[in-house]
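A quick write-up on the structure given underneath.
Think of it as A, B, C and D in the order they're written, each chain with its own count starting at 1.
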Amino acid sequence: MSNTFGQTFRVTTFGESHGPAMGAVIDGCPAGLPLSPEDIRRELARDVPEPEIGTTRREPNEPEVLSGVYEGRTLGTPILILIRNVDVNSGDYLDRKNRPRPGHADLTWRLKYGHVDPRGGGRASGRECIARLAAGAVAKKLLALRDITVRSSVTELAGLPAGRPAELALAREEVKRIAGEGDSTGGTVTVTAEGVPAGLGRPVFGKLGARLGQALLSIGGVKALEFGAGRAHARMRGTESNDPIIREGREVRPSTNRAGGMLGGISTGLPLVVRLSVKPTPSIRAEQETVDFESGESARVSTTGRFDLNIAPRVAVVAEAMTAIVLADALLEDGFLPPVRVEGEGA
Amino acid sequence: MSNTFGQTFRVTTFGESHGPAMGAVIDGCPAGLPLSPEDIRRELARDVPEPEIGTTRREPNEPEVLSGVYEGRTLGTPILILIRNVDVNSGDYLDRKNRPRPGHADLTWRLKYGHVDPRGGGRASGRECIARLAAGAVAKKLLALRDITVRSSVTELAGLPAGRPAELALAREEVKRIAGEGDSTGGTVTVTAEGVPAGLGRPVFGKLGARLGQALLSIGGVKALEFGAGRAHARMRGTESNDPIIREGREVRPSTNRAGGMLGGISTGLPLVVRLSVKPTPSIRAEQETVDFESGESARVSTTGRFDLNIAPRVAVVAEAMTAIVLADALLEDGFLPPVRVEGEGA
Amino acid sequence: MSNTFGQTFRVTTFGESHGPAMGAVIDGCPAGLPLSPEDIRRELARDVPEPEIGTTRREPNEPEVLSGVYEGRTLGTPILILIRNVDVNSGDYLDRKNRPRPGHADLTWRLKYGHVDPRGGGRASGRECIARLAAGAVAKKLLALRDITVRSSVTELAGLPAGRPAELALAREEVKRIAGEGDSTGGTVTVTAEGVPAGLGRPVFGKLGARLGQALLSIGGVKALEFGAGRAHARMRGTESNDPIIREGREVRPSTNRAGGMLGGISTGLPLVVRLSVKPTPSIRAEQETVDFESGESARVSTTGRFDLNIAPRVAVVAEAMTAIVLADALLEDGFLPPVRVEGEGA
Amino acid sequence: MSNTFGQTFRVTTFGESHGPAMGAVIDGCPAGLPLSPEDIRRELARDVPEPEIGTTRREPNEPEVLSGVYEGRTLGTPILILIRNVDVNSGDYLDRKNRPRPGHADLTWRLKYGHVDPRGGGRASGRECIARLAAGAVAKKLLALRDITVRSSVTELAGLPAGRPAELALAREEVKRIAGEGDSTGGTVTVTAEGVPAGLGRPVFGKLGARLGQALLSIGGVKALEFGAGRAHARMRGTESNDPIIREGREVRPSTNRAGGMLGGISTGLPLVVRLSVKPTPSIRAEQETVDFESGESARVSTTGRFDLNIAPRVAVVAEAMTAIVLADALLEDGFLPPVRVEGEGA
């Protein structure tokens, strides 16, 4: 199950960072949904690395839709989206094949599988996420049928606020400055989903928060997750933490949103708000202490390949896609969308 | 799937807070595991509410093992553990049936299912967790075969440190003081698993952290989750965040544990460390703003039934059980334990 | 997953034949469905062994509904139905503990688990099916919302036709006559589902026939399964096998039903028709050749406990329940029934 | 779940008959398994249509392995196998777009999805099975590690025995003779798995027979399935049906195999034997009665495209692949193969 996510809208991803291709199969998408290559291309394009602070690997990310769509609409059959790896340059990796990078999955993959993909990263690479973006593009088309929008942003970068353009510019300078010292930085990502109807999610293990938890903590580099006011709840009083309930027109809903849009794992009708803490890129140019698996001796390793100086901007985009996938899955499961075929305007 | 957790060691829970019984069916436990009622009773006993700050509901929590065990050993068939609800007093709840409590699942359950269980809480009650403790008891017996131990503690309570006995005593006083004002408090829980072998967990969606995320964020009241240094990673540099890799005897492993025992979703061999932020009990005696579903008008609600003044101590125990369940599931899935029958000492 | 069936309407069964209790947890049943103990009792009562040819074990089969139902309606939470084993008499089994009966699961359970449940049969007993009847009772209540009925009958017994009352009387005599010789007999069971809407089922692995196949071949003693004209199709020509398509009022459907109600795994709107071949009860009084696991020597075994002379009548009832469960699952999955709550008359 | 099969060795297939490509993603295959394009090519080549009686569509069936394999060994990551559709000629189908063929899924797909894939067949096409062969090729490599072999053959064709070469030649003539009359024929397929260790399979819903049932009844055109002596069991006596148990060297096993290699859903160590009844190809040149969906009137339809005169030979090959997949899944689940990586000779 390791590479499949979802119960009803089921996404299976595949592909190694330096293999021939990445991609996703989406099973459970109803028939009749408009879906064009452009819909997918637009989402994939958001993974273009940030200028200066992202990796210098450049992928065209041209999606091939090889099944499940005919004349611009889904057939109700599995949708295969394939994205070729073009800008592959494994040479950088081969020389450090036996020296796992601290903070990276190199070590644990070797301990588990008896190998690392010597071409670099394998499935434990930021590149893996391109498949999630492809599936997220399909999920977003479903969400659009219910006027639900998901957005993400980097709200803190390298310890500096990054929510506004001017702040972001300063923070980017800080990322570059620290990278100039051979080091890396982390950040904070906020994801918001608006238009989510009240009543979405299932009790106990199917709570919306639990499913978002699995989805978002499966993204590499995410070390913490908070809903709504998050960690601050632990120091609040009940009267500060509880959102009062009011009537607004025909709807009964909380008047504030410290809960982050969920109560008991079920949506309240207010926006879902999730915040993620992203660790610094483990790949850095500074030398770090490691062990050489060939010699068995202590060694030093320095990353010379291409990598992001800060992965928070890429995590933001993937977190948005995963949130869309969780919502599409829950909407179908809970009957907010028809399971077999969608019809009418927009569909 | 809402009430089932796990792929290989599968736990399905059932029961409403004020219905006749709670319980769990565990499917996928190998044959031959020693399991006595006392093993289960001991774990259930840990849910005894904290003196003074816990609910005054008193349940004997006597487990009935009605299938899957014969002469003190598991049969490899589903294990049903049933726990009767004895101290049920629904009267308190009936009068507020139409007035959802702010911060509680009352509102969302009504919006979703068109009803709330008027007896109080239903599945969205702390009482639901007793079934998880029962399943956790079985999981812990499996973990013991690999010398893995899971522990939890309340490390902060009502905004005060609570890690040491003297601190805890002060913090409890603070909980009571604020409860005396009709209000409630939250806290922080830390779960640690020691002895976890390196190489546990699967890539991508099957990451150990993703599964722990789903498991722990499915516990009522948990608003944030952090692994290892958690949120602090976002402001670290790579050289501060990365754990150096060293050789220790025949093992290669990180020398520090800022990662919290996982890299790329796979265990490193160091302890797993997870921290949870628990919100204040939403049930408080102070009056709060709500809407009366019968009249459709704004109303006030005050909780008069029995409830915990602070739920962090109970969350800690359940988080420990869920962590044990995640580990048992992963150990079986990854071949660290035999899937059909266990043998030898301890087994 | 071994003890769970279904994707959306999920049934998990538990219990050993001579343990304290049998039962089922049903997860995924929408809220608002009327369900009384009498609804369940009525289905369980159908497992009363045939006079003279069934086992002499007599179970009251009184169901306890311990969760998921309140004031006669489902809550949308897991439904636990418990049935105590009362007429347990394990003594008969203990003396043949080490001598597996030919044709019975005794042998394979021992080879797999290193034990047999010495109390008799464990999960590989006809008794296991009582839990399926309980779940089938809930499924049938859902089917009633769509006016779908499932029926089963024994159409051949001991090699004689048994479809009509007079035939059945003769066939029963034959069963008894052969049992008098210490031997046993088999039979044929036909299950029919009427009112199934066209369009139910999913392509490829989710075909209605594939799901019925798993469900019905999971019943002990079933050695063959046929849909519609079944095996006879292999010797037909296309013009004989294909059902012509006609228009009837507003519906387009086949005019004959050699296909048994499905094309490409999706229902046509005509009745589903499945036929099962049931082997003779492996337990017989005549001595059979076996091996004694204690001595390791060849041995003889004769069954002296209580058992059915012919299990076809009990298989029929269980096959009906399993068909109802498959249909309830598919109806929910395909949107023919609402996933969260049902409303209105009958619901 | 409709396009995914298996719990541990999980196969997801995709592709429409006249779309750009077919294929499969295999998740859960351990690392270290030798797997070459030739291994897959060899299995795909077995789908080459029978001369004269198969379809005239000619596909090169060249597999592209786009993930999960590096330098001839599996990585433990998802294996994507892609097979392009080359000889696509949809024109034949477009003119009968609104006239569903009797006996074909045309009708039910239209009723369910509101469309048929006008290019012909979509997922309800024999072409769909090429993806299963690709996955079966991987499964067979795993089976080889345990010296398990799966074989299939057409044992009856057009009502004539076909087990021996001379018989097969005659039967083929009969198929062609009847095709000359514009009609089609069916047949019988037998699948045998040798070397299956005793103790494979799980009780109740995870019975080996139940899983084979789902797997084999998911193949288009299969209308009946029998294990071992199959339907004949219904008319046997217990003494005729039961296989005596003997000791052979260190193994205790049945001396005959009327059970078809399973007791209580668990393998006995004898060969698994399954027989399938395959209906005549629904596509025939003779005119058949149908309804035109555009006009709503009765109409006639005659199949003029390319199709198999008899599908039994192709069903045999797919049934073999599905049996291999079921066994690979069960072997991994039950610990007969290591879940994470295989090592040593052959692996």
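In this section, a residue touches a chain if its C-beta (ideal position, glycine included) is under 8 Å from a C-beta of that chain, and two chains touch if they have at least 3 such contacts.
Everything quoted here is computed from the prediction, not taken from an experiment.
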Quiz prompt | Selected interface, B-D versus C-D, where C-beta contact pairs are more numerous | solution = C-D
Quiz item: What's the chain with its C-alpha centre farthest out from chain A?
Solution: C
Quiz item: If you average the Cα atoms of chain B and of chain C to get two centres, how far apart are those centres in Å?
Solution: 37
Quiz item: Using the average of all C-alpha atoms in each chain as its centre, how far is it in Å between chain C and chain D?
Solution: 26
Quiz item: So what's the Cα centroid distance for chain B and chain D, whole Å?
Solution: 44
Quiz item: For chain C, what residues touch not just one other chain but two or more?
Solution: 1-4, 7, 13, 77, 112, 122-123, 199, 203, 334, 340
Quiz item: What part of chain A is in contact with chain C in the complex they form?
Solution: 7, 77, 199, 203, 333-335, 338-340
Quiz prompt | Contacting residues of chain C [partner chain D, same complex] | solution = 1-5, 7, 13, 100-105, 107-109, 111-112, 122-124, 128, 156, 159, 178, 183-188, 198-207, 209-218, 220, 222-247, 252-255, 259-260, 262-269, 277-284, 286, 288-291, 293, 296-298, 334
Quiz item: Inside the complex, what are the residues of chain C that reach chain B?
Solution: 1-4, 10, 12-16, 19-23, 25, 27-28, 31-32, 64, 66-68, 70, 75-80, 82, 112-115, 117, 119, 122-123, 340-341, 343
